[in-house]
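Take a look at the structure set out below.
Note that the chains are named A, B, C and D in the order they appear, and that numbering of residues resets to 1 at the start of each chain.
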Amino acid sequence: MGKKMFRLDKNSTYMMPAHFGGNAFDPSYKAVMRSTMLSMTFETDRQALEQYIPEELELRSPEVQVALSQLYEINWLAGGYYNLINVSSPVRFNGSKDHVEATYPLVLWENRTAPILTGREQTGVPKIFADIEDLHVSKPYYATSVSYEGNTFLTMNFEAKKEVTGNDFDALKSQMKSLDVIGWRYIPKVGAPGADLSQFIYFPQWMGLEKAWTGTGTFRWTELTPMQNPRQHHIIRALASLPVKRMKQSVLAEGETILDTPNSRLLV
Amino acid sequence: MGKKMFRLDKNSTYMMPAHFGGNAFDPSYKAVMRSTMLSMTFETDRQALEQYIPEELELRSPEVQVALSQLYEINWLAGGYYNLINVSSPVRFNGSKDHVEATYPLVLWENRTAPILTGREQTGVPKIFADIEDLHVSKPYYATSVSYEGNTFLTMNFEAKKEVTGNDFDALKSQMKSLDVIGWRYIPKVGAPGADLSQFIYFPQWMGLEKAWTGTGTFRWTELTPMQNPRQHHIIRALASLPVKRMKQSVLAEGETILDTPNSRLLV
Amino acid sequence: MGKKMFRLDKNSTYMMPAHFGGNAFDPSYKAVMRSTMLSMTFETDRQALEQYIPEELELRSPEVQVALSQLYEINWLAGGYYNLINVSSPVRFNGSKDHVEATYPLVLWENRTAPILTGREQTGVPKIFADIEDLHVSKPYYATSVSYEGNTFLTMNFEAKKEVTGNDFDALKSQMKSLDVIGWRYIPKVGAPGADLSQFIYFPQWMGLEKAWTGTGTFRWTELTPMQNPRQHHIIRALASLPVKRMKQSVLAEGETILDTPNSRLLV
Amino acid sequence: MGKKMFRLDKNSTYMMPAHFGGNAFDPSYKAVMRSTMLSMTFETDRQALEQYIPEELELRSPEVQVALSQLYEINWLAGGYYNLINVSSPVRFNGSKDHVEATYPLVLWENRTAPILTGREQTGVPKIFADIEDLHVSKPYYATSVSYEGNTFLTMNFEAKKEVTGNDFDALKSQMKSLDVIGWRYIPKVGAPGADLSQFIYFPQWMGLEKAWTGTGTFRWTELTPMQNPRQHHIIRALASLPVKRMKQSVLAEGETILDTPNSRLLV
């Protein structure tokens, strides 16, 4: 033993394994990346959706956004890239002190493990793994498929109709200036039911929109058996069961995405 | 809001996303799987190694085991499979109450995200992602390669010499009856340096050995640049810097591996 | 130019790129590998099937076998491994000289490119690429999924019921002693319709059966759009359209597979 | 048998499996795709290089180009994408009739099987498989890694220095108007040494250059053992052995690439 063994530095932040060293906590750090996003929003049944919204939150509107993002030139991955599928709804947190509106991610699938770990452990974003194809682009048609160990569970198709310009573009750009998220960080107890951590976290993020197109979007869930997807089949079944009352806007957008992880904060 | 929104069940255990439901906590549950393990152990410099052992632990012996496991017919993955590389050392935890010996995993690379998440969040096993080839088998030669986004950082080669039989087999089988692990579960604070959870966890596991061979094992680390592996290059560099004073036993083993996750417990 | 440039050796056999050297043609060479095969056979409509059987062949029986093989410890891949899906029917070649019975592969999907190239270019076996999961094994249940760029097009499920023993095993073992194949090697003309090579090739192969189980097998095709699978969607559609009049035997088998490539011969 | 069985159409072109149907031969068809190319050229030793140039060709200059291309929005793959590494040298074919200059690809690695098959079988381009990372981009730094079953054998790094503009751009654009290739289509005999087809093929292609940057390029080969790469290790060793006498231009280019496959022709 003795003083040469590994000791945590009080001014650093760590991820497991901690004993190989962490990083000085830097409040000005931001995750910056290029992004192409294909987003589809639909109106669903409030009661059906509220089953999956924790009671600490209020559902602002019974709608669900299903969005593919292709992220690249990612600064914290030294220029690397990955794709994600974000399924989310608009919520309000009404705590004893905090009253904030943001987006609540029901689930994110990502095809890279490193951001899954940071998202879950730092900010409670419920990321899990899937294979996510880059967009196949045969203009004006765009398509992607999402699968788990060879089993497709989500396909998305988009037909671009019209570039967004003028006031519409300004409005969309303004809307993208706040894409803040509320994560629910849940870490289970060891050897017992219940949690060692169960926290709601406000996570600021935004997109500098550069180009956008509206068009016709469709998506389709395929339910999987427990043997096809033992850890996620219940999530897919839940999402597939949400009625699509009405498709709202479908948008293809390009720009720069920024995640302000160090300014995340616990909600109380 | 109201009573139809999602509420945690007090008798269940959850993983993120929690709001799609958890599992009743079952103390008798065990993770069971078939395994093929290729293990190489070497003696290193105590001071060099202790840099990476937290001071709450005592290094029992300055040795490091590098082991590939191919796991399949995994009950909790509905018959799925994955590979891992486990780099570990023998330690003792001397707490105010607990005094236990076990293996301390310095890092585990796994090629499947689901067990990375359970390992990290449930028991503090420091798992991260890599691509890990199944063993290439041209008897008596065995080989695997471990890479990150196309960059090889570890190769392992083995030449089987002799099947382990008789008393030697009984001794090895007995030794495999306890492969318990101490994990260090570290969850960072939000928006600040330091930890919200920093716990040492005892995690019982064992292998029912069925067959084993000894032989000549070699491994080679290749250091990567931050651009090749931005999140792990420091770990690889640390492991590559550990001097190999003497190779000890190299073993290829087959059997059944059991992880007793619900009987894991905090060490104090 | 001059004598130091690359020149073909008359006693060697080459694959592209030829100019890095070939291998001495060795008539005693055999491809040897371990294999696990899950095979399902069904009776279909003769006319439906004959659309896909070239008129140089005679369909011996209106049946189709769909078989997964996991191949490993492959000698010509230095101990590597890959999976394949073989869809085939029993045929007879009645040429001006040759009159032989064998299996005609309608298509093989493989998850490794090297054997796709040798199979196509050396023996006319119509191999194309797909992602093919190793069997998920939750005894007595076995499952695999086959997909192309994230789009599942075939799933296979098997429930093992009974180990094959005694006379049944001997009969099956005897049957596996000849798994010969007829390939149709077709190489197109350059800059014109038609072929530069169009040859039927007899390719001897067999399996040394070691263990087998019978059980209940099911498979399901999922048709894909041209955008999901631009080069194979017509093949999947054709196979999915074959009526399953009656499921015949489903077998899980283990053993050693041998391909006698150098004793392949043109059929005339 | 009879008239309902499969019969080739005389006006169509086919790939194996032919019996599911081909495509009407269309002389106006072109493969069109977006491309990002990172190209590095070096001067090497003439004799060293000529060992790998077939004697039917004349080496115009002892130089080798190593180029990564990321191809996307590919028309014949319905908007799909893939990457390739092209290693090539400038040659002249002096036949009994044809006298043409073009580029001779020593080898192409591609991370998608479909274009490997068309390239080899239609035009003799010696394509083989490797995993090829998309460019990691941390401006002005660009990097990729090429590996086979987890074993890195080529890394490329580029530091962009200067956008190409004005006359330099026009010159480069003009140069990219002809990227024609000579392939050597070699199909082995069945059951004997030697070839059933051994043809030199002229394959017209070009790039509509849109943007380009010059900079500093470096690449590094890592030789692999036969067990790491049983079918390609000799190719990598050959390329790694070519001395780099002088690095010439390194360029990052973006544009549209066009392959005029139906106007390919045999060289005699």
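In this section, a residue touches a chain if its C-beta (ideal position, glycine included) is under 8 Å from a C-beta of that chain, and two chains touch if they have at least 3 such contacts.
Keep in mind it's a predicted model, so treat the numbers as computed, not measured.
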Same-site or different-site touching of chain B by its copy chain D, using the half cut: same
Chain of greatest Cα-centre distance to chain A: C
Where chain B and chain C are represented by their mean Cα positions, the distance between them in whole Å: 39
Distance from chain D to chain B - Cα centre to Cα centre, in angstrom: 42
Between chain B and chain A, distance of the C-alpha-averaged centres to the nearest whole Å: 29
Contacts with two or more other chains, residues of chain A listed in rising order: 77-80, 136, 138, 141, 143, 149, 227
Overall pattern in which the protein chains touch one another (line/ring/star/complete/other): complete
Interface residues, chain D side, partner chain B - complex: 131-133, 136, 138, 141, 143-147, 149-152, 155, 157, 222, 227-228
Interfacial residue positions of chain D with respect to chain C in the complex: 1-2, 4-21, 24-25, 27, 47, 50-55, 57-59, 76-80, 105-107, 112-114, 116-117, 120-124, 126-129, 149, 184-199, 201, 226-227, 230-231, 234-235, 238, 262-266
List of chain C residues in touch with chain B within their complex: 72-73, 75, 77-81, 134-139, 141-143
